[in-house]
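For reference, chains read A, B, C, D and E in written order, and residue numbers begin at 1 within each chain.
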Amino acid sequence: MDFLALYVTLKLALVTTIFLMVIAAPVAYALAYYRFAGKSFLEALIYLPMALPPTVIGFYLIIIMGPKGFIGKTWGMLTGGSLLFTFVGITIASIIYSIPFAVQPMKAAFSKLDRRLLESAYVLGLSKRKTFFRVIIPNSVSGIAAAAILVFLHSIGAFGVLLMVGGSIPGETKVASIAIYEAVEMMNYRAAGMIALSLIPISYAFLLLINKLNERNRI
Amino acid sequence: MDFLALYVTLKLALVTTIFLMVIAAPVAYALAYYRFAGKSFLEALIYLPMALPPTVIGFYLIIIMGPKGFIGKTWGMLTGGSLLFTFVGITIASIIYSIPFAVQPMKAAFSKLDRRLLESAYVLGLSKRKTFFRVIIPNSVSGIAAAAILVFLHSIGAFGVLLMVGGSIPGETKVASIAIYEAVEMMNYRAAGMIALSLIPISYAFLLLINKLNERNRI
Amino acid sequence: FAGEKISVAVAANFISAFKEMAPDVKAKTKIKVEGTFSSTGNLYSQITNGAPYDLFLSADEERPAKLNKDGLAETPFVYARGQVVLWSANKDFCKAKTWQEALKKKPVKKIAVTNTQTSPYGAAAKKALEKAGMWDALQSKLVNGETIAQTFQYASTSAVDAGFCAMSATVSDEGKKGCFYVVREAPEIIQSACILKRTTNRAAVQKFIEFLNSPAAKEIKVKYGYR
Amino acid sequence: MSINVSFKKDLKYFDLDISFSCAKKNMVVMIGPSGGGKTTIVRMLAGLEKPKEGKVVFGNEVWFDSLRHINVPPQKRRLGYVFQDYTLFPHLNLYENATFAAVDKKEVDELFELFRIGHLKKRKPDMVSGGERQRCAICQALARHPRILLLDEPFSALDAITRRGLREELKTLKGKMSFPIIYVTHDIAEALYLADELLPVVEGKIDDQWLQRMITRDPSTEVALRAAREPRLTLVY
Amino acid sequence: MSINVSFKKDLKYFDLDISFSCAKKNMVVMIGPSGGGKTTIVRMLAGLEKPKEGKVVFGNEVWFDSLRHINVPPQKRRLGYVFQDYTLFPHLNLYENATFAAVDKKEVDELFELFRIGHLKKRKPDMVSGGERQRCAICQALARHPRILLLDEPFSALDAITRRGLREELKTLKGKMSFPIIYVTHDIAEALYLADELLPVVEGKIDDQWLQRMITRDPSTEVALRAAREPRLTLVY
């Protein structure tokens, strides 16, 4: 059993989820409350990672994260290291890959909110930023929970993209889904089944946790 | 340019979205409103397709949809045909693969609904079933739109699963993402890029459509 | 025989060659040859679950042999031999005399190899590196591509400095932009094929196999880097 | 049909314990301090909340009986209920709201004229004033031909004149209908004008003294008593 | 600080056109038929809705001026506003709601006692009665030390006794505070008791005749006038 791969998987999924919650919230807010030129276009762009096959995303990510690509070059200048084939690299890839799952449910929750709550907050003197943190976020818990569940699970299942950007390096970028893939390719179906099975309790535990948090905040 | 593959992709994504909306709504309703033994477990099971790598899902789907598998056998008895490598087969695979994306946002929307609306409907004599169609559904439009967007785009990007269950039979099971895969395998990156690019307007058009519908029903 | 059709499961690395052969076969024998392309492992599981293919062109020897042993396929035969090369997008890389020397140069930081357990190309590359006594020393520089096409992608996008690719990659448009060494120390990759017993059109399949062994087919194979 | 009610329920700061009955064509008006349990009583009558103990009998139908474990769901009680916060369906316009469970759509047109919101039919609830919403909620409840009507402060958001007008309409309506009406209000004049029976609810119990104090303390109540042209006041407890 | 207001806005069935002013320590009470535009006026004052034309000057601050394109956002106006439907934040309990924007938390404790909801601090808004919610909303508005107070039917869900009590408290409070209060009510007695100036709003305009008719038509109003111990009524128009 490839425990190292399971550990990397879990770490990746958690880090991705936490980062994406922070990144996606303001984006979802802008999409839910503002009208601006090119908004639908921006939205389509954000959702694009879903519609493209992982191989395509992976291919473009290799290019931009590679030593000649924009992100890769910047990273190289800052740290002197390479981004591809590292844990940081697959984390960035996984974040980009899962953006739509974070943004879409949050946007739905935000835009469903009772306008009067916002008006009340404004009258009480709260700036838009404070209203966001003190009113919108706590009243959108179920949408945020939905986003967290989708992102976490999707990061666990992510495979094609990570395979390309990560290079399957044990302990660093070799996640469980890659281990499963390799087992299948080697016709070792029992091993594949075992790793797949071990993902179930992980996913299940996370799901229970989120549901508990969600219920406590249910309004 | 492989127009046939684009056509199959679009058809698959639409059929999947429509079927999944119908299947997922009652499931999301049960998850949002009822408490029953094993509920978290059922929920985890429903979300499982996200957490597993597509190859694993594809592998198990081949087994159960094959001539010796449960679904495959039943289908064979009913129609005399085989399910694998047919459009119906990849549709079933795509539905199973996208279930979580349909259920999760709908559940979030349903459970966010003002309880007083339901009480009002009950007092007005509406059965639970009628309340579902006449009150819950129309007041959860944005959540349903979120689900439709996620499912549609995810079906377009689906790849690993379809490759395994569908083979790549032109006009039947060869979708755009598989065409991209083949182009990449042949190291023909330009062709791959072209097909990927052509997916953007399709996704964009669908997104605009859903946003329009959503806005018209915005409450 | 007008309007006859056979279905062939083709390992992903052979797509280009296969696609060029199909129209020739059609012209000569009126048989329509339809290909389904995927990884060898994937095709294998499809076949064991009753996929309706007539012929399987594998990327290795192992899986056709296994199908034969399990009674699903006839005796396998070799239809192509591949060769490992060391390819780089950077033409300066090939200025050294041998591939071993090129790899030892300073600026080389990352080298792509295909998964040595799942891919015969990876296994062959490993053998060559072992023969050269470099396998252990290079461990920290190695990056695993999952398929031979992906290894080439790493190299062609300069994500790695060089990669152990298939000869067939060097003849593609992308491949011509770089340079390569033929890695003679790596054993030939033997790709074998087998007729699946479920076929209902054995005569047509036989005709296609005859073509596969003909000089015309040989020419195409060479063009795409096979022997 | 008349209704017989007896309820017990433990609330956090007091225990509710109340029983009363209302004959057909009659109106029981509940009045009492804020937080005294009026809304809770009405919700239990509607079947939206479950009493700890008690019994509700409507005609010869048993709606609730804690001993026999009977609890008819709200759908089957066929009652009209105007919520204190007059919930309308936000996705429907006022007319669609009122016809939502209507027996006869033509009646809704008449009701809308009666309640002076005919010109607002096409508006969504969030585009009209509080009083207009409230009147629509009453039309919605009446249009479904209820067998009993529960009104929880239905005119709280209305000005005195409109309120007086609608109060008259309600009285006329009551004459035409033949069902019991349970009415919650804070307006003592209104209570005295409309009530066949007055039910002062204080901390979950019927409290006659509270009502007496209320009447003697507030001089305008005396006038209200005079003003109510048919002062047929019966106190029940 | 005093406030000077003049507004024009096109509503669907009539055009709103109104101007009035309110000195510091004074209370302007708006009264009028349902749907007449009272809530709309208050919302425009709060900066939640934009008038078509007009001007709002508070002290020497210009809050709104259609000609000079000035429109100070609600956040900067520092006013206390109790909404007609008394919106509280559903994720917070009553105490957290009231201290949400409070200057001094200790004051909130006092306010809760004054408004008799001290025992409900820990409850979420959906676990208390309508009147209790309403009182909490008033505490919330007062606790932030507003420079002007807008109350849109703040006591509509309260019984007469509680209402009379709070009315007195409000009057005492008014004596202590030194800001203008704009008050919307449907209760003519309350209006007469509290108002320094009465503003009858009918179909978007000030309508004196409506008020006269109202007073002569309703006999209880006369008594209410008597009952209001300090009848300092000034009609403004």
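Here is the rule we go by: a contact is a pair of C-beta atoms (placed from the backbone, for glycine too) under 8 Å apart; a residue touches a chain by one contact, two chains touch by 3 or more.
Remember, predicted model here, so these are calculated numbers, not experimental data.
K.L.:
So which chains count as neighbours of both chain A and chain B?
P.N.:
C
K.L.:
If each step moves to a chain the current one touches, what is the fewest number of steps from chain C to chain D?
P.N.:
Minimal hop count between chain C and chain D: 2.
K.L.:
Which chain pair shows the largest tally of C-beta contacts?
P.N.:
Counting C-beta pairs in contact per chain pair, the top pair is A-B.
K.L.:
For chain D versus chain E, what separation do you get between their C-alpha means, in angstrom?
P.N.:
The answer is 27 Å.
K.L.:
Between chain B and chain D, what is the separation of their C-alpha centroids in Å?
P.N.:
About 47 Å, centre to centre.
K.L.:
Starting from the mean Cα coordinates of chain B and chain C, work out the distance between those two points in Å.
P.N.:
Centres of chain B and chain C (C-alpha means) sit 35 Å apart.
K.L.:
If you look at chain A, which of its residues touch at least two other chains?
P.N.:
Answer for chain A, listing residues that touch two or more other chains: 59, 178, 181, 184.
K.L.:
Would you mind listing the residues of chain C that make contact with two or more other chains?
P.N.:
45, 153
K.L.:
Pull out every residue in chain E that's touching 2 or more other chains.
P.N.:
Within chain E, the residues that touch at least two other chains are 85.
K.L.:
How do the chains pair up in terms of touching? List each pair.
P.N.:
Pairwise, the chains that meet the contact rule are A-B, A-C, A-E, B-C, B-D, D-E.
K.L.:
Could you pull out which chain B residues touch chain C in their complex?
P.N.:
Listed in rising order, the residues of chain B that touch chain C are 55, 58-59, 62-63, 66-69, 82, 84-85, 163-164, 167-170, 181-182, 184-189.
K.L.:
Show me the residue ranges of chain A that touch chain E in the complex, using the header's touch definition.
P.N.:
It comes out as residues 114, 116-117, 119-127, 134-135, 138-139, 141, 217, 219.
K.L.:
List the residues on chain E that touch chain A in their complex, please.
P.N.:
For this pair, the touching residues of chain E are 46-48, 73-75, 77-79, 81, 83, 85, 87-91, 100-101, 124, 126, 140, 144.
K.L.:
Tell me, which parts of chain A touch chain B in their complex?
P.N.:
40-41, 43-44, 47-56, 59, 100-101, 104-105, 107-109, 111-112, 142-143, 145-146, 149-150, 153-154, 156-160, 177-178, 180-181, 184, 189, 192, 196, 199-200, 202-204, 207-208, 211, 218
K.L.:
State the interface residues of chain D toward chain E in the complex, per the touch definition above.
P.N.:
Spelled out, the residues of chain D in touch with chain E are 13, 31-36, 39, 84-85, 119, 128-132, 135, 153, 156-164, 186-189, 214, 217-220, 222-224, 226-227.
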